[in-house]
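Here come two complexes built around chain A, the first alongside chain B, the second alongside chain C.
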Partner chain A sequence: MLTGLYVPKDTLFHRLDPRVKLLWTFLVLVASIATQFNCIKGAPVFLSVVVALALSGIGAGFAALLIFNMSAFLIAVILVWAGMYSSHGVPVLELGVFRLTDVGVSVALGKFFLIICPVLAFAVFFTSTKPYHVMWTLDKLGLPHKLSLAFTISLSMLPSIVKSTREVIEVQKTRGLALDRGWPLERLRKHIPIIVPLIARLLSDVWDLSMVLASRYAGYGRRTYVFEPKWSRGDSAFLLLSLLFYGGVALWGVFPYA
Partner chain B sequence: MGEKAAKTTGSPKALYVFVVIIGLLLIAGLVYAFWLALRANPANPWESFAISQAFLEFRDIILFVGAVLWLFGTLLFALELAGFTITKRGISRNRMGVSSWGVIDVALAALSAAVYGGLLAATTPIVIVPGFTWLRPANSLAPLFGMFFGIPGCLGVAFGNLIADIVGGYFGVGSFGGFIGNFLIAYLPYKMVKDHSFASTSSIGEFYLWGVIVQAFYSAIYICWWLDVAEGVIGLPVFLTWGIIAPMILLNNITVNAVLSPLLGRVLFPMVKGRGLYWRDRVRATLS
Partner chain C sequence: MGGLSVRLRDLYARYSVSADWVLKGISLEVREGEMLVVMGPSGCGKSTLLYIVAGLLPWVIPGVVKGEASVGGIDVAKEGYRGLVGRVGIVFQNPEMQVIAQSVYEELAMVPENLGLPKNEVIERVEWVVNALDLGKYLAKNPQSLSGGEKQLLAIASVLTMRPKVLLLDEPTSMLDHRGTRLVLDTISLLKREYGLTIMAAEHRVEWAVEVADRILVMHDGRVMLEGEPEELFSRVEEVEKYGVRPPGASEVAYELRRAGVKTPIPVRLRDALRVYGL
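This part shows the complex of A and B:
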């Protein structure tokens, strides 16, 4: 069974209704937007998302990995924002033309939280929700079933495609393909022996997958689900707590004396 | 087939050769301009890069043009998914909307997305200047999926980009622009290139016009317009959006699609057609 990004565990987040998790993600986004100009106000949102990662069994290490993956991008964002607010507030560091002020640091970190918090929240959603339930949620949101089906299948198949790609790369390397040598355009051309076998596989997989879908009558008529998530008291309590927490943080962010 | 298409359209070969030359000159010009910027300002070449400067200087005009392109692109996206298309005679049904999809279309959309997203995630970008700019070979598949598989392929590219965002840790409000922007990268050559075989001058010439030049500008403006307008929600500064991201999209999409896509297309088209998955053959079969 293909599970995609889903990590099977029995945690608080895994037991929650997918709709609650999606609403929680939305609340994280709203709170991050409201606190984007003040890192002190944005910090509780960031901490809550890291706690959510820990509660979903993925761990804060995953957050660190994601942040590391986009570190170059995040550093650029932080430096640009810090530079834009370098004429506001009290200077804390001056290195030649580079001037860092307390306001610049606060805004830069606030923007960092604005970017990273929704990313981590969506990571919690996808790693703690079964592809089957992602499809169910998308259906409930009103997306045409064929689209949610295609999206869920592709999300589920991603790990196997990545594995196949790496295998093809290794095989071609053993045949003497040197992807890391030559001019950029030459190295670009060297990807042809990697891409062609993958597409050849895709072309045969399309027919197999079509037959599987046809045999299950997928995409025709109204889709029903055997294992539908049920909204429980726990879901209501989690949503209420989230509303209070993120609503409070958002108010604090928008109205300074709220 | 390619010759036939050239005859029916009546387009001169010289024009297509001219378009290809323009495309290649654009790559050379972009690379040269970036090299000049790097020499002038090694610490931050984007500040001196002519394309970045142009985007930032004419931002007001680009924002206006971008609004029109964004509305038009989003409308096209919605229309095509609903099963309508714009033709010379107006809006007509095209039988490729989601409601008309069969299992093959669902499978094509899903697998194109998985392959596109998987390749984006699994292949290392080719670095041109360390820390500043790189090329993504997987992007060469975007126009090909549109041209070969039609609307399911276009949507596969959009989903694939979304999945790459999720896996790479970039998924957020900004991904919405990338979603439809990538759909358009596949859609423009699908809709505007008449001969998808890459076997004739007209086929390659048209591809260079729509799949390389127009697509690159359209997608760069579409994606960055959304990042700029939604700055308060996404958090990217204007300099990063227009000074770095827009030129990077332009540089990457033009180079990768001009160099790799025609070569791949020439190899893959007979395979796709031989397997009975070329969209025109499938639509014809449905109609007959």
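This part shows the complex of A and C:
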């Protein structure tokens, strides 16, 4: 039931120690923050994450979904940030009141990278790390076991939630619910017959799960892990390269003239 | 059979969401190595009874429990499920909700890992249950690809790694097809025969209940109405039916023959019926 986002594969990222992957994710986050006002400086971070995404071997469907959502998000970000910086820099496009400048585009892309790079990095982490090892990593980081457990379970339930949503939608469609017809407000109202049974079903699932977890003594105390990842030379090398790369990019981003 | 394993005395229970008592003065005893099957219509309190013995009510499920409930001398209502480590294991009805891990081995190792046992002991317990229930053929499989019966078998195996003295089964076959039911039934028979586990099961399917039960208890509206060995209990066909339990097919046929004036004993199992009628 708790399949999580994990995609079983044998890739470079799957073989890495989960601690290294998590550190890499944080390095991406730091570099993204440091380069958020300049798209040129943020571009290497974005490219590195796209490469990581390819190397983590996630399914084409999942990648397509991520890219589609990214493009929708990119348009929204450009509209907002480019609008805010419309009085700065050289105009590159003017459509009525809408004015796009080079500074506006740069900041908008930088902000886009700021959000999207950590999201993709975490996607790489979770698709290449078993929920079992996510919990192990959080335990190793010193988080109280109950918190690690709660976090891992909530994350692992995401696919079940998606599956339940699809099933409820299918059931309601067979009863004549047409979500793709009507005005936006009407379409929104049509989601009520989905939300109500979905919440009821999720509550029931969570209730059943909590009984199972309690009866299996989850969160009882300090947990043993039979399958503990071992830190290898490859892990050290990857971490060192990541530190150098993202550290360099972050410095470049922080110091404007670097 | 050995000493006393489970003892309930004048037990009342209700859930926080309702003011009505679900259990109303239940008293019963289960001896070590005995298998007790609790039967009765939906809502009669079968599952509630098991939740109390498992220490889940009122510790995980909000509610009120009054009276005495002990497992192996431990006051369940006072200690809760955490006080029953290694004593009681419970298997629920929905196999889909009970298989959590990403591999069969991880699933089996989950309980001893959660208990923080040393690594070698976790491995030793997993190997024991794999051999005991012949699970070797499932180890390489993804648990999500298993059938309902196989998942339920895995859930039972996972609980057994706790080395419980008492195994509670809450309608373990209600969501399974015939093949899955057979698989679970064979496993329960094995556990009873080879390992002398004390088993309490809530069950609707009378045919399998009479196969494995040492004693059957019929509940109705939160009370114990009838109790006895399968042969004795189901010879009282009318009484059993009065409390919403359908007797086994073999008993029903014999009962109808009796009503038609044929002198016949009332068998409870198909094999007994075949013997009685010389088939």
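Note that in this section the second predicted complex is superposed on the first by the 182 of 258 C-alpha atoms of A that agree within 3 Å, B and C clash if a C-alpha of one lies under 4 Å from a C-alpha of the other, contacts with A are read in each partner's own complex, and residues count from 1 in each chain.
Rule of thumb we're sticking to: a contact is a pair of C-beta atoms (placed from the backbone, for glycine too) under 8 Å apart; a residue touches a chain by one contact, two chains touch by 3 or more.
Every value quoted in this text rests on a predicted model; they were computed, and no experiment measured them.
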| item | value |
| --- | --- |
| Which superposed partner A:210 touches (first chain B, second chain C, both, neither) | both |
| Partner chain in contact with A:227 - chain B first, chain C second, else both or neither | second |
| Touching partner for A:157 - first (chain B), second (chain C), both, neither | first |
| Chain B versus chain C as contact partner of A:202, first or second or both or neither | first |
| A:218 touches, of chain B and chain C: first, second, both or neither? | both |
| Partner chain in contact with A:131 - chain B first, chain C second, else both or neither | second |
| Touching partner for A:185 - first (chain B), second (chain C), both, neither | first |
| Touched partner set for A:6, first chain B, second chain C, both or neither | second |
| Which partner, chain B or chain C, touches more chain A residues | B |
| Where chain A meets both chain C and chain B, residue numbers | 205, 209-211, 213-214, 218-219 |
| Touching residues on chain A, where the partner in the complex is chain C | 1-4, 6, 8, 130-132, 205, 208-227 |
| Residues of chain B that touch chain A when the two form their complex | 81, 98-99, 101-115, 117-119, 121-124, 126-128, 131, 135, 137-138, 140-141, 152, 155-156, 159-160, 162-163, 166-173, 232-237, 239-240, 244, 255-256, 259-260, 263-264, 267-268, 271-272, 275, 277 |
| Contact footprint of chain B on chain A as seen in their complex | 5, 29, 33, 36, 66-67, 69-70, 72-73, 76-77, 80-81, 84, 111-112, 114-115, 118-119, 122-123, 126, 144, 146-147, 149-151, 153-155, 157-158, 161-162, 164-166, 169, 179, 184-185, 187-189, 191-192, 194-196, 198-200, 202-207, 209-211, 213-214, 218-219 |
| Chain C to chain A touching residues, read off their complex | 54, 56, 59-61, 81-82, 85, 89-90, 92, 94, 96-102, 105-106, 109-119, 122-123, 144, 158-159, 162 |
